[in-house]
Amino acid sequence: MKEDILYFASDYMEAMHPDILQRLIETNMQKSLGYGDDSFSKLAKEKIQLACNCKDAGVYFFIGGTQTNAVAISTLLKSYEGVIAATSGHISVHEAGAIELRGHKVLTLADREGKLSAEQIKSCVDTFNNDGNKTHMVFPRIVYISQPTEYGTLYSIEELTKISDVCKQNDLLLYVDGARLAYALACEKNTISLQDLAALCDAFYIGGTKCGAMLGEALVVPNPKLLPNFFTVMKQEGSVLAKGRLLGIQFDTLFTDDLYLKIGKNALVLADKIKTALVDNGYKLYLDSPTNQIFTIIDNSKLESLSQKVCFSLWEKYDDTHTLIRFATDWATKESDVDKLIEIIKNLA
Amino acid sequence: MKEDILYFASDYMEAMHPDILQRLIETNMQKSLGYGDDSFSKLAKEKIQLACNCKDAGVYFFIGGTQTNAVAISTLLKSYEGVIAATSGHISVHEAGAIELRGHKVLTLADREGKLSAEQIKSCVDTFNNDGNKTHMVFPRIVYISQPTEYGTLYSIEELTKISDVCKQNDLLLYVDGARLAYALACEKNTISLQDLAALCDAFYIGGTKCGAMLGEALVVPNPKLLPNFFTVMKQEGSVLAKGRLLGIQFDTLFTDDLYLKIGKNALVLADKIKTALVDNGYKLYLDSPTNQIFTIIDNSKLESLSQKVCFSLWEKYDDTHTLIRFATDWATKESDVDKLIEIIKNLA
Amino acid sequence: MKEDILYFASDYMEAMHPDILQRLIETNMQKSLGYGDDSFSKLAKEKIQLACNCKDAGVYFFIGGTQTNAVAISTLLKSYEGVIAATSGHISVHEAGAIELRGHKVLTLADREGKLSAEQIKSCVDTFNNDGNKTHMVFPRIVYISQPTEYGTLYSIEELTKISDVCKQNDLLLYVDGARLAYALACEKNTISLQDLAALCDAFYIGGTKCGAMLGEALVVPNPKLLPNFFTVMKQEGSVLAKGRLLGIQFDTLFTDDLYLKIGKNALVLADKIKTALVDNGYKLYLDSPTNQIFTIIDNSKLESLSQKVCFSLWEKYDDTHTLIRFATDWATKESDVDKLIEIIKNLA
Amino acid sequence: MKEDILYFASDYMEAMHPDILQRLIETNMQKSLGYGDDSFSKLAKEKIQLACNCKDAGVYFFIGGTQTNAVAISTLLKSYEGVIAATSGHISVHEAGAIELRGHKVLTLADREGKLSAEQIKSCVDTFNNDGNKTHMVFPRIVYISQPTEYGTLYSIEELTKISDVCKQNDLLLYVDGARLAYALACEKNTISLQDLAALCDAFYIGGTKCGAMLGEALVVPNPKLLPNFFTVMKQEGSVLAKGRLLGIQFDTLFTDDLYLKIGKNALVLADKIKTALVDNGYKLYLDSPTNQIFTIIDNSKLESLSQKVCFSLWEKYDDTHTLIRFATDWATKESDVDKLIEIIKNLA
């Protein structure tokens, strides 16, 4: 890492929220049982059940999003079933075929700004059901969406309810990837609460790694009968930590005093400041994304100059002379760094 | 099966070519070694090597196309590699996720009349190679095409050569699904021989089930080092017949006196007769397909009437008032049945 | 195959029973629907249901034993479950890890002459249940046995009933591999009928390949709800024949006029004749096996001489100067060949 | 956890060594690149390469032993290959079938005090090679052993060298599970160094979780060409941490000032004290184990009394009136707790 460069490449650049670190320090030499049977993990599960208003939910801690998605989804599917996802969905592209490794097809649908609609899902299922050769095809069984999406956009409660209804009517399970859920929950435009997710989905995960934890995601399954003997499934997948307390302590802290609901706020305020600066200086935003990821289009001639001062994500080719890039803020982003970034943007314009 | 209905639904409606049956009768009570070590299988392999002008080629007999594709492709891939195929490709849709079951992603590209182009493949690989997150993605490694394609169209030798070149330049393997290869080889418009396939591809299979055998496909791999200990792979997949002679006898017969090269002729002549009749009677052909599958568009109001007299394949919805249907002829189709079909078509027009 | 050698190496040396060949000849050019929807397959299923006195049983045709075992067992298991089998069980040794390929552990127990006892199974389950770390272990879920066993021995109805009881009491499924079932059913000492198997097991297969068919096994599952959408599972496994009629016709013939119940008789009579000759001439039988496999111990000094005149199976090293070998008879073995074998045995003694 | 109970159940009861915690505190708010591209991870890898005297070794960080074993071993094997392990081996029993889940058979050999011998391995390979049906069987390809073993015993450098030689002569790979390696390295009786492991094995892992890290194991592969594109394999397995720094920081600390070589010392001294006390008070040690695990046999009538005061591991039934139990010490065990344990042992005797 170079000292004189600004880092806006992702939302996992620092280690962990100071409250979590403090708790690790306090508990370091305490002895505890292994494999998640410790008191910290139990407490964390109870707090998450409470926050989701779903006291019987299964709560399972994983070390990362790819593992959570792959293990949960493959366990929920029979061998001949597949998962519907957006073409831009994380499981469709950037998880190195983890779903396929475990034997299942990702059935992709074109998304609109990262989102699928209830109508698309219905149409996909109808097409399958009407095919004379449907028994020669993968059966759609799970719908996978992300909140926020890969493009930082948000589903509304109306949209999620419609999708949930279509799923129930067609014997589909609904799975929500919440890798960046804290940035949705802290957003003013957001209309979906944790309780809503628990009420409308069959499974979702509360992202830790990108939201202030050093590592960890909490999978929530309102009806845990869907995942019998899931500890053993996790064990054989290599997902179980001998010192499970390390995940328990983190989520216990994140769900104490509503830290998780508030932790994304800083990122959102600063992301808005960057967006405004981009627009004010004549840059085009790729889409109107209300969370912590900012997608903008930049003239290729300016790319090198920008990259000498700022570390950002090259998203994709936009056209022959422009590129889509992404900045991300997070819970730890400093306003002073944002101000420096805005200065660079101005000068480059 | 109703007596008074004409059957044009597929090219696997009869059991086997009379020459094969005759050979089964002659050899029935002979004793032979098991698991493909019989003399019939050895002879069949030698004849196929000769026909392909590739005497060192590995030749492996399977019982069907899905098994051949799934076992060969998954064995050629490392766990993180995937196979490029047309959106309409058989492995993409109608093999029930057999490739994914074995751990691999099918990377689909939009096809044109069932075909992929060298340019598309190059572009797909370039996109992968230029992605900053390519190590988070499935690596493209095999290109899967069919000859003839799912729509009965044919690659030309120029097209295949270009695709082969792109593959070689980009460290991709080229795999050709020849489930209906006999209908390509017997076609006047065809420009690709068995020898060409052996020279340009890393693996291909010579279809038996749809081309006169009762069951069986012959996988040809010019460089058999690509598939070490492949017998054991086939054994664990459940692909090995204890009485392997049954596949050997069939392919021995198909490759005696050029039967395989000629067996598709009858189907092509009769398919042409049907196509001409369709056009003459005002039906629209969906595409110009030179082999044994005929795709035509039919007014939905006529569907029921037609289906009372003819058994055909419902392909897909064409528009709100029309449906795409398929007739198929095969090596055993009788001209008298074709004449009856044409009469029905006329009356329906 | 050398003309002047006698073949007693296995029970799959000829192609098919003449009645089956005759039926193939008669039906060869009839058209039929594909993928097992033909009338022959339907009839065969009904006859098997009737023979098993279980009219709602699921009956599924496969091409070979390894495939049947692997697909059925892996489908009946959840990812963390395993199958209990004898150390000498076919799935434990000679199916190239087909169960493991599909993700499951074979939990082996030492067998006695190829057989497991109800007590052993109970003890295995108890050990698992009493282990403090049982959630870190594979859960036993299926018991796999063979009738006849790998050593040609037979379970009695009392033994099978006890095993079935232990399974029911411990939430285990019972699976019986009947690759050579015809040689049990035709044996005078046998006390287990097809109806018994259907009443006591959760799944079993009626072997065709080693019992007169050219290929094929019939999996019988009394409660087909155990295997939802099993056609699609078979499709993705590559187990489905486009011309499913070929399996249907064979089993239809085998279950017409009780052919399957009688087809093993010839093998048993001739096996007894060989056993008597061995004992009369001072050879030691390895065990008292009442079916078509004969295991005898031979002095190493005589092995080469014998192998110049007879093709048999080398089973395993017995001690430093002796080897365990196997002769097998089948439905097609000729008495004249047996007489020649006995002459050789005599001269060698 | 009850306050008034002593904990000797395992070696992962505390969180992390204070030096590691200190380093986490110092670096917490530094920004770093994701997915292991951070400077901490790079430094840690270099230090491990240096400690192993193998500067080109591939070093890969995982979160736990099951995952390390499963991902490394399954990647090193072709689909039809298996891994030889002791019956008591961790992969054979307590990893919930993780190797089988990924498609491979564990070929077990009876161990002597947790150890395999070169002769056993040779004999296993010979048996395979001499089997007439070897192509119907799983090919042995990797030998898996543990240092220390599951029973706390140690291989000597002579034993390891012999095993390594047999592996090389028979085209087998040698893999060493070092979950508790620190307790071997700090042991006076140990004769195998990290450099020896790198010289004699094809892959081994340096255990962190049980040796002072909060989580993490370092897989070392002297010839990294054995694992092409292994990052992507790890990604699809869900093994990659977005904040890979957390593993890097830990191993950097463990390999600074030889901490890893020394960290086990405390455990060994205290384990010896417990062993001496057991023997002095008339208890029988199950075996002479020089590392941090103590196996002793206890009269069942004393089990309940002991378990009210001490938390230990129930290992297995010894005979009808005795049970084998295990105490474990670790880097953080306090001498005062050991003294209390000895007092309890005395009183119970």
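We just call them A, B, C and D in the order they show up, numbering each chain from 1.
What we mean here is this: a residue touches a chain if its C-beta (ideal position, glycine included) is under 8 Å from a C-beta of that chain, and two chains touch if they have at least 3 such contacts.
This one's a predicted model, so the numbers in the text were calculated from it and none came from an experiment.
Undergrad: Consider the two chain pairs C-D and B-D; indicate the one with the greater count of contacting C-beta pairs.
TA: Spelling it out, more C-beta pairs touch across C-D than across the other pair.
Undergrad: By CA centroid distance, what chain is farthest from subunit C?
TA: Most remote chain from subunit C, centroid-wise, comes out as A.
Undergrad: Determine the centre-to-centre distance between subunit A and subunit D, using the mean Cα coordinates as centres, and give it in whole Å.
TA: 34
Undergrad: Go ahead and note the Å separation of the Cα centroids belonging to subunit C and subunit D.
TA: Using C-alpha averages as centres, the distance is 42 Å.
Undergrad: I'd like the Å distance between the centres of subunit B and subunit D, where a centre is the mean of that chain's Cα atoms.
TA: About 51 Å, centre to centre.
Undergrad: Could you list which residues of subunit A touch at least two other chains?
TA: In subunit A, residues 79-80, 95-97, 101, 135-137, 232, 235-236 touch at least two other chains, as defined above.
Undergrad: Per the contact definition, I'd like the list of subunit B residues that touch subunit D in the complex.
TA: 75, 78-80, 135-137, 139, 228-229, 231-233, 235-236
Undergrad: Enumerate the contact residues on subunit C facing subunit D in the complex.
TA: That would be residues 79-80, 82, 93-97, 100-106, 132-133, 135-138, 313-314 of subunit C.
Undergrad: If we count contacts the way the header does, which residues on subunit A are in touch with subunit D in the complex?
TA: Residues in contact with subunit D: 1, 7, 9-10, 12-16, 18, 21, 24-25, 27-34, 38-39, 62-68, 70-71, 95-98, 101, 209-210, 214-215, 232, 235-243, 245-246, 332.
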